[in-house]
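In what comes next, subunit A is part of two complexes: it sits with subunit B in the first one and with subunit C in the second one.
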Partner chain A sequence: MIRVRKDKKRVPYMFMSPALIMISIVFLYPIISVLIDSFFQISGQKRTYTGIQNFRVLLENDLFWKSLINNMKFFICVPILIILGIVFAVLLYNRIPGWKIYRVLLLVPYIFSIAVTGIIFDCILRENGLFNILLEKIGLGHLVQPWLGQTSTAVYAIMAVIVWKEMGFGTMLILARLLSVDESMVEAARLDGAGIFTITRKILLPEAKPVISFYFVLCMINMLSWLFNYVYVMTKGGPVNSTYVMDFYIYQLGVKFVNYGMASALAVVLLIITFLLVGVQAAMQHYVFPDEED
Partner chain B sequence: MKKIISLLLVAAMSAGLLLGCQKKEEKAEQGQTELTIWWWGEEDVPGSKAWLEQTAEAYEKENPGIKIEMVQQTSDQLVPAWETSVQAGAGADIQFFWTGTYTLMYVWDEENRSLADLTELIPEEEMEHWLGTEGVSWGGQAWAAPWYQVSIIMLYNKELFKSAGLDPDTPPADWDELLAACGKLKESGVIPFENGGMKDGFNTPWMYSTMGIASHDSPKEFIEAAVNEGSFADESNKLWLERLYELNEKGYLNPLTMSNDFPSGRESFLRGESAMGLVTNGQALQWIEDMGGEDKVGIMRIPAYGDGAMAGKQNVQSQAFGIPEFSKNKEEAADFIVFMHQPEQLKSFYELTKNFPADDRFDSDTLSSESEKFLWDYLLNDSTVYPSLYVPSMVHSQGNYAAAQMVLSGSTAKEAAQYVEDIAEEWRKMSPDECEHFKDWAENYIE
Partner chain C sequence: MRTGYKRRQRMGKWLLSAGVAVFIFVDLIPIFFTVITSFKSRDEYVYNVFSIPERWSLENYANLFEAYDVPQMFLSSLTVTVIPIFFIVYFGTMAAFAIGKFEFKGRRIFANMIFPLMSIPSVVMLFPLFRLFSKLNMTNKFGSVIVIYIGLILPFILNMLTSFMSSISSSYLEAAMIDGCGFWQMFHRIILPLLAPALSATTIVGAMWLWNEMLIAFIFLQDEAKRTLVVGLTSMQGLFQLDVPLLMAGATITTVPVILIFVFGQKWFIRGLTAGGVK
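Presenting the complex of A and B:
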């Protein structure tokens, strides 16, 4: 009898084992490899154990700090994406005239690949590009400049492109949550004379909080480890290395400069920061929205 | 029943996997050797893919026991794929290499060499014909076989020269003449010199290869600069930035240069908007044809931007093939490399690509136009190395790219040169092994 119970206990683990093995191969093995490599200087087939030297050098490296600060600058996109997402989701939820067209239009940029978006905006933001032509036409010719070609504006120009491309996703995410809100609550509020702002503030936003919190952390992680494509396509890290971000720097160190030890050390730093953010999200879920945990 | 079906499925999948793995071994058992080539080049030299396919086919006909498998790679795939194969000890039998540091880093550590010794595989009298072996040589011998030669040369628009009152048959030959010509061209309302868009920095190697060599006497000075503290900020390494600064300051470059990316910038020459422009040797011939022929567009020698022995020379890099140490088919790979260098293959390479193969057995009598003859003569008799392959890739990519962008954005050459030196200092800390090899390289460099 005891033996049968023991076997029964093993069954779930047996079912889980293929998935666990796959996860170990796909996630754990690379993470452990990168972690090990970060303590070595790797030159061709030669590997020299250097302890924490790679991390020490990295922390003294100006471009590492510039990349990290740039990642932080990209966090500016997060509140913008969230606010725009909420505003557009609420407008679509309230079925403003033409809402079906707006819903499609908002999602279109998200469908474009980043490479296509980057190339298009690269042309638009040139000194003789469409954006500057428009500025001239509306009498703002004094603002004309090479948006991606100067250190003072390049990072912010990339941010604008990211917001343009990504806001559709946030809008749809929040809208999907709003559409599952109990209609009778909104209807009751309307009957009680509540306007769109009151309904949004008192019903829709509290209902969408968990999704917004999830979207917040997703955006934060994206701004840390998912900017490579934009930077690679639009600026290649320039001008004057001003748009370096951490994932782009990892690529440069590993692929271009064939310095795998250093690239691994930077990847470990990025991983730690990302885990911290996931921890923040879990804490938020636990302390800010305890009711939603179940 | 379910259990049996599951077991059968798993067995079928495993068998499929094993069969896939066995394919190569089966070929070996059937007496056929599969040579795998990982290559790059179509982006650099259009037509090289067609040539490789044609050459492989011809070789397979002559050698029925060999099957050649070609794997084309992108610029971003090439190094990581090769690095992975080095770590895994398995990959191609013939591997493409950019030369300079990109090749030598795999041979300069004697105990951990990833490339086979070609002197044991290819007869010396064969290797003597190879051109541009400087970038693949270590310890007095070549470690890869140069395939083709690429150089950055200058075109000038004869009609725009005439309109500006300049002699279309006498393009500027040195810095003073270039400045004088640019002045007149600017007055005539055209862009004097299109250096290519600099937003992405990709034109930096071209500027470095034409201007950066001007104050140097030997490629050794580039290697030494990397390991000698403070050297990238000294006068000889700063000169190219001063020249670039002056051209920009005087309005002789495309004013949109920091806004344009590399290809879109260069095309202003093709559109007839700028009077001089940089281009690769193979593309030059195509552009001359596209722009109306040699009466309209000419090839000029690189002006001597300084007074070093390398000034005014044609910069040349040979792209090359090496044989990985782990290859099980080294002899067959070496034989195919020798085949690629046979006169018939050299001839067809030029016909298909309009690029010169890296072999002195190439029959220059087949060259018909004046431009082709000029380029071949310039390459054979008055050329030097492509300098960006002689500095650490990190210093070049983070330092030189940024420095060129700095001077084009208004910083002084001194500030920009100091920035390169700061990056070099970072490199010395980040890559101590590579730095040691550069010291060896500098000490043992053979002219």
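Presenting the complex of A and C:
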């Protein structure tokens, strides 16, 4: 921190102001108007105050509960992403031959646009697509099915695509932390005869705990409110509404049903759930890792 | 004994490496598929989904350029990537400078707001923003998307930049101040040059995010003459549902610029991506 003289107190605000103005336009104003709109029925230019009517209708709506439950289903991706991230980060940390190239290659799916990824997998997972043809080739012909086109598998197919795309990021995040672990500590343990597993369990994982918990919350938030692109490109919520998730439903309420009041109410619900999650993360940072505070 | 152990360990590492190599090969099959299929004719794809084309053809790319104004979509994508990223990095560094190096009222609130803001999906802000920009008569103009993009990824960029900012020593800045260096000058002459590698990292990560963005570009640039590549591709998906090779050509064209940035800037890209989480 720089100490500034009394008459220079305005300086930091001056440096903050462009960012604050942009954030106010893009976040503050829309969120306040969503909060207000959620209590109104809006059709065209006409607005009628209806109290908590929107929320009541929403909570009685099957599609809302279906979306919420689907979001919960997507949480299955979180432990999978974390375990894969840890496994690959530890493997690369042990400098297996070629680890530097692997590190780059593992990240390749992550740089694809979600829209592009979705279109590619839409083609691959079709009934006559690459995945089913590969299944036939390895003698699993009886498993052939339209993965994205039937209610029983669509959600899980989207999950697989998400894991495919996001895996490299977790690996990178955890690996970056491991690479900054004090080398001499690991070396000392190795000289004492500790194997890879012991070193991982006793030194690497505890050191990486804060970043893993950060990644955990990031994944939870993604599964809660950043699924729109995947769903929009791969299934449009179908078949038979089986892949509706909350952020996709907000979009549908606004664009398809032109019901801004309801869309706002759902946005408010989503915001509340997201902030609860962020709050839990902050509390964890505070109570579980007090030494990590700056 | 010792050497035997060492050799066994080296063998083990090679085996693990081979395992990872196989995994990565399988992992990248969808990408091989995309590129290879884009060079197959539509007729060939019907009976040959799996292997390398018997005849490499540019037919899909030709069709794509005929059906869509690809250079124009490329320019749109470039416009809404390059212009915002400049402002984002500049405004972001200014704010990170304030948060990281000054003590002022509200500093903790600003700093603690970064992560919650990052977690809000853009669909929440979509309809109020659309109404706001309609009133200002700014829909279907690049200006609207540029303004929204700047605000939308600032929290994300700030999260990276504040962690980079802590690497600059405060006493160094104080020494400069005693020598009569003003804050504005300090920002341009010291902060920006010292952070140059960090700024490259931030720029690359941010640019990739913007290039790949779909929802805002889709809603605010519906005019066909202003569509971005990603948005054009999603419209293609609706129109040419069954023409897989054409779609794969579109996917390839959309992704090539990102791959190029990644190949040349991967070191910075990785550093930028991991900065926010590893403090």
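Operating definition for what follows: the second predicted complex is superposed on the first by the 267 of 294 C-alpha atoms of A that agree within 3 Å, B and C clash if a C-alpha of one lies under 4 Å from a C-alpha of the other, contacts with A are read in each partner's own complex, and residues count from 1 in each chain.
Rule of thumb we're sticking to: a contact is a pair of C-beta atoms (placed from the backbone, for glycine too) under 8 Å apart; a residue touches a chain by one contact, two chains touch by 3 or more.
None of the values given here were measured: they were computed from a predicted structure.
Peer 1: Do subunit B and subunit C fit side by side on subunit A after the overlay, or clash?
Peer 2: Verdict on subunit A: clash between subunit B and subunit C.
Peer 1: Of the partners subunit B and subunit C, which touch A:Gly254 in the superposed model: first, second, both, neither?
Peer 2: Both partners.
Peer 1: Is A:Ser184 in contact with subunit B, with subunit C, with both, or with neither (first, second, both, neither)?
Peer 2: A:Ser184: touches no partner chain.
Peer 1: Return first, second, both or neither, reflecting whether A:Asn241 touches subunit B, subunit C, both chains, or no partner chain.
Peer 2: Touch partner of A:Asn241: subunit B, not subunit C.
Peer 1: Of the partners subunit B and subunit C, which touch A:Ile124 in the superposed model: first, second, both, neither?
Peer 2: Touch partner of A:Ile124: subunit C, not subunit B.
Peer 1: More residues of subunit A are touched by which partner: subunit B or subunit C?
Peer 2: C
Peer 1: Is A:Leu148 touching the first partner subunit B, the second partner subunit C, both, or neither of them?
Peer 2: first
Peer 1: Between subunit B and subunit C, whom does A:Gln45 touch in the aligned arrangement: first, second, both, or neither?
Peer 2: first
Peer 1: Take the contacts of subunit A with subunit B and those with subunit C, and give the residues found in both.
Peer 2: In subunit A, residues 122, 128-129, 254, 260 are touched by subunit B and also by subunit C.
Peer 1: Please give the residue numbers of subunit B that touch subunit A in the complex, ascending.
Peer 2: 76, 79-80, 83, 86-87, 105-106, 109, 111-112, 114, 198-202, 255-256, 258-261, 392-394, 397-398, 401-402, 405-406, 409, 419, 422, 426, 429-434
Peer 1: Touching residues of subunit C toward subunit A in the complex: what are they?
Peer 2: Touching subunit A from subunit C are residues 13-14, 16-17, 20-21, 24, 27-31, 33-34, 37, 49-50, 87, 90-92, 94-95, 97-99, 101-104, 107, 110, 112, 115-117, 119-121, 123-129, 131-132, 147-148, 150-152, 154-155, 158, 166, 170, 173-174, 177, 183, 187, 208, 211-215, 230, 233-234, 237, 244, 247-248, 250-251, 254-255, 258-259, 262, 266, 269-270, 273-274, 277-279.
Peer 1: Across the complex, what residues on subunit A touch subunit C?
Peer 2: 1-4, 8-9, 11-13, 15-16, 18-20, 22-23, 25-27, 29-31, 33-34, 37, 88, 91, 94-99, 102-109, 111-116, 119-124, 128-130, 133-134, 137, 164, 169, 172-173, 176-177, 180, 211, 214-215, 218, 221, 225-226, 228-229, 232-233, 247-248, 250-251, 254, 260, 263-264, 267, 270-271, 274-275, 277-278, 281-282, 292, 294
Peer 1: Touching subunit B in the complex: which residues of subunit A?
Peer 2: 41, 43-46, 48, 57, 60-63, 122, 126-129, 146, 148-151, 235-236, 238-241, 252, 254-260, 262
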